[in-house]
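Just below sit the structures, each encoded as structure tokens.
Each of the next two complexes has chain A plus one more chain, namely chain B in the first and chain C in the second.
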Partner chain A sequence: MRGTLSDRMGAALLMAPLLLFLILAYAWPFLGVVKWSFTLPTPGLGQYHALLTDDLVQSVFIRTLRIAAIVTGVSVTAAYAITVVWVRGSPAQRVLAEFCILVPFWISVLTRAFGWVALLSNRGLINTWLQSIGFISEPLTLVRNEFGVIVGMSHFLIPFAVFPLASAMRSLDERVLLAARGLGSSRMRTFWTVFVPMTRSGIIGSALITFVFSLGFFVTPAILGGGRSVMIAELIYLRIFQSPDWGLGAAISVVLVVFVGALMALLFRYVKPKQLV
Partner chain B sequence: MPTYRPGPVSLVLAVLVALFLLMPLLAVIPVSLTPSRMLTMPTGELSLRHYRSLIEDPRWLDSILLSLRIGIVSSILSTALALTFSLGVWMFQPRFTAVLVGFVLLPMVVPPVVSAVTLYFLLTSVSGLTSFFGYDTWLGVAMAHSVMTVPFATVLILVSLSQLDRRIDLAARGLGASVWERATRVIMPNIKFGIVTAALLSFVLSWEEIGVTLFITSVNAITLPRLMWMGLRDNIDPAIAALSVILIIITVLVLAVRSVVTRQPAAR
Partner chain C sequence: MQQPGRAAEIKANGIGKSFGSFRALDNLSLDIGRGEFLTLLGPSGSGKTTFLMILAGFVQPSEGKLFSDGVDITNRPAEQRAAGMVFQGYALFPHMSVEQNIAFPLRVRKKSASEIKQRVGEMIERVGLKGHEKKLPAQLSGGQQQRVALARALVFEPGVLLLDEPFSALDKSLRGQMQAEMKRLHQETGTTFVFVTHDQSEALALSSRVAIFNHGKLLQVGRPDEVYDRPANRFVAEFLGEINMLPVKGVRPADNGATGLCEDRAVNMRCKAEAIKGDAILAIRPEDMSIAPEASVDENGIAATAVASTYLGAATKLDLTTRQGAKVTVSVPNEVAAAALSKGNSVWLTWPAEKGFLLPDGGQ
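Take a look at the complex of A and B:
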């Protein structure tokens, strides 16, 4: 049935527009960026050498890895807590949990970062309230530093961390949990020794997705970090627009893609793509 | 049937996370009502002046219209490309399907900032050719948004195709329907919901896109998120709070309608 000449023609005709579009508008210019990284300002490996030796670039890389690791830990833990209720709660609890997960998920990253500015800034809700009850006299610095970046990024990523966890929790066999309880295991013990190990693939998937997303994050760190805790993505932006050094910006981009590609390969060794939805 | 329900500790933790998730969305409401020109909590009196400035200030209206235009054009483009591609995959099941689909999904998995640099390279390279397409033009932004949204549209359409019964198509084929007739009169009516969802998601993603837009616009193609970004970076304008409240209300309404619409077929 398949593989006849007209079939192959039909498939080619239908699939060609999108493939051509992405080759011209995505693959070709990406190769152009790779070329920049080797040719600007002078041909050679100079930019990659700079990546390994430049103190600023190094410190940004380390900060990005550190923030991404903390954000991953916070997001996966928080996502786990709300997913348990979303998947296994009573019908009313499920509706409420779903609402709390999906509403932030659909709201733009800018609005959410702005909400955190309104809460955390010196004249924001939290500082105003703490000062009005006399708990503090000077406003706390909660934004324009790493704390603000971590809070904002975790808030953005929790809904993304929820989906792999939910998929793992839905597919586990409830009878095992009931059996553990029936055999006299306490709630806590059942949770830690039966429930959590059975959702391992979801935890790995969730952690890798969160970590990969954190590495390339731009908007939230730029707004909540206020230029003080620059991450890789913002460094690329600065190299391209503020201190025009397209070669270095391109080289950082290439390294970022290779690193994320390696992490994705790791992800798919542990988790089937279907489990992520 | 006995079921395993979360205990009190789980519920308390989940409530804390839920509060954390909703807090910044609720925080913008009081700020949007401040009578002050600065980003502060209202003390005493409330004012709608920041909502009024959204309508009266032509910059906001212009950028809303531009974002709508870009969203509609890029959504049509990515839905059409995703639909033809997915139909090709489903009807002919060509060899190398996994590789081709993987290629199409790349803009979704590559870090957005790298896609942004890539599209910046593309649009600055073609800028000299024409005046209406390239860096800082609305058509350039619409095309770049299509690159970013087409993987999501493809995933949605492929998922709805995977739930379609192949025998319907085989019957049409056996009765002598051409490829065109099979696609437009047999398959597409059956995945209507998926196509509409793909178009809507593409529009929403374009409407709120900022990461790529920042790299490919400067002074002419100021989309709504781009204008919000400018207002957030410098002196924070409380009009952003008013706009955020409106966007949050729209999101909640759309989600409520969607949950009513999608819950009905499930009850069959």
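Take a look at the complex of A and C:
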């Protein structure tokens, strides 16, 4: 970041309200959550101990990591293909790709989750179509399980995965690709041995951002998982609002925040913040 | 450009290229001989790089045909032409080590691991990169990156090596060193080299022939001394180095050449007048003119006034104005310049009849 001192002060001033808001509405209340995790119901590390021994918490953590990993793989792969078209396609293809990337941002996550229920449920579009053409006799279980959650979350996260990739692909030196072809490499080979490795930082950034977002998903797994595929955020919700076991809920929250924070630190080692937008 | 290890002979026939309404290259025909070192020289936007890209197969010509060893390769894609290419900025693979960069064209050709190892090793030795095999391009200096680019382009023994302003990013001393090295590589490999530059001294120093471009047209092709001493037109004359232009009136053929009037004095020229009759421009390089104390009947000469001098160390560059107002620059020994400036600045400018050449008046 360059600029004169007054430029920087101006920028700091413009960002101050956001910082203030984050402190008041996020950091401060979160300190309260941290306090609960050490004090409820009795002071001590009891909740963290429970967290390490409770089978349910463990299984939810493992499921969350598993779903996040699968969603990341699916999203980054799909986003990579879309981004190649967006950045390197013909003008018409670019417009189409841009449309596909932006439209999802205009539809709420809730609407999209119910949209997938309509598509994937036992009497949804996909099952009725597959049955009508005689491909299956019994409806497939596509929703209220991990599969449904993965589909819904990937759909939500693909547009976010696109931006770090696009940034990496745009900054790539075209001549290096020409050089590869000039040296006798086919288009396919050039793509796999030159193009993909050269967009490595974009892939890492894209994967990390998708993974971090996946860990905190609430609405999509709650609707598409149908209570059978509970993820961390839903577990925290259940502990705070339904059990109520505030201490454990708070401890899970703290672990999640610390984990996400560590991943974010890793993310910013590979990508500059401006590459994400 | 197919058989490895054998220099290619390339023939361009009426090549043209338009980008929208912009005419990048117009009706270019050129024969590039087996194993020659041809330089494409011209200012930016003159079409030289477009022609190189057409040779490489990265740009499809709008019209015309391209032959390599007699085979029509006009529609052959770049990856099948397999010309070695060194890009401006080198275009090395940033994620591959020096070794991997150089091995790339051999890997693509599915050579055996032992052959790759041997040839890459030889090439690394040849370009003086021993000890840097495992480094990434970002860890190398500009000169070293240049060597990797050359090694990568030559390792698969292409029939032709195409070079797009390879030295533009190097500082002057390094550039001289790399030029010498490239000349050596050319002799060692015997491959046909096609080299693009806008630096005339580089072109004259390196090439067996120079092709001069301007506004998408090929103006002249010839040996460096031919194009320097006998440029086809004013643009070529001026582009290849500093040159003085003196108007000559009433040019007509004479014994051993031509004669005419320059600033009301009869001048003799050894060059042929042929197409030029009447008024013309006599072009003479600064190093071919000298300063004499007084007029001599045997030599061409006109009166001039010294107006400024620039000390260059080995010689002095003297700026003069002739009686009729033409500006002339000569390169003379330091003491001659000092003497010229001391004696009231009025001197006699002479040149031998065999130097200089005639250009059509106002001719481009």
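Keep this in mind: the second predicted complex is superposed on the first by the 253 of 277 C-alpha atoms of A that agree within 3 Å, B and C clash if a C-alpha of one lies under 4 Å from a C-alpha of the other, contacts with A are read in each partner's own complex, and residues count from 1 in each chain.
Here, a residue touches a chain if its C-beta (ideal position, glycine included) is under 8 Å from a C-beta of that chain, and two chains touch if they have at least 3 such contacts.
Since this is a predicted model, take the numbers as computed values, not measurements.
Contact with both chain B and chain C is seen for A:L178 once the two complexes are overlaid on the shared chain. Of the two partner chains placed by superposition, only chain B is touched by A:M264; chain C is not. Of the two partner chains placed by the overlay, neither chain B nor chain C lies in contact with A:I67.
In the superposition on chain A, A:M153 makes contact with neither chain B nor chain C.
Between chain B and chain C, it is B that contacts the larger number of residues in chain A. Of the two partner chains, neither chain B nor chain C is touched by A:L165.
Of the two partner chains, chain B is the only one that A:L125 touches; chain C does not reach it.
Once the two complexes are overlaid on chain A, the chain A residues touched by chain B in the first and by chain C in the second are 178, 181, 187.
The residues of chain B lying in touch with chain A in their complex are 2-7, 9-11, 13-14, 16-18, 20-25, 27-28, 30-31, 38-41, 80-82, 84-85, 87-89, 91-94, 100, 103-104, 106-107, 109-122, 125, 143-144, 146-147, 150, 154, 179, 204, 207-208, 210-211, 214-215, 225, 228-229, 232-233, 236, 240-241, 244, 247-248, 251-252, 254-255. Residue ranges of chain A in contact with chain C, taken from their complex: 173, 175-176, 178-187, 189, 193-194, 197-198, 200.
Within the complex formed with chain B, the residues of chain A that make contact are 2, 7-8, 10-15, 17-19, 21-22, 25-30, 32-33, 36, 78-79, 81-82, 84-85, 88-90, 93, 96-97, 99-104, 106-119, 121, 123-125, 128, 155, 158-159, 174, 177-178, 181, 187-188, 191, 212, 215-216, 218-219, 222-223, 232-233, 236-237, 240-241, 249-250, 253, 256-257, 260, 264. Across the complex, chain A is touched by residues 56-58, 77-85, 87-89, 91-95, 104-105, 108-109, 152-153, 156 of chain C.
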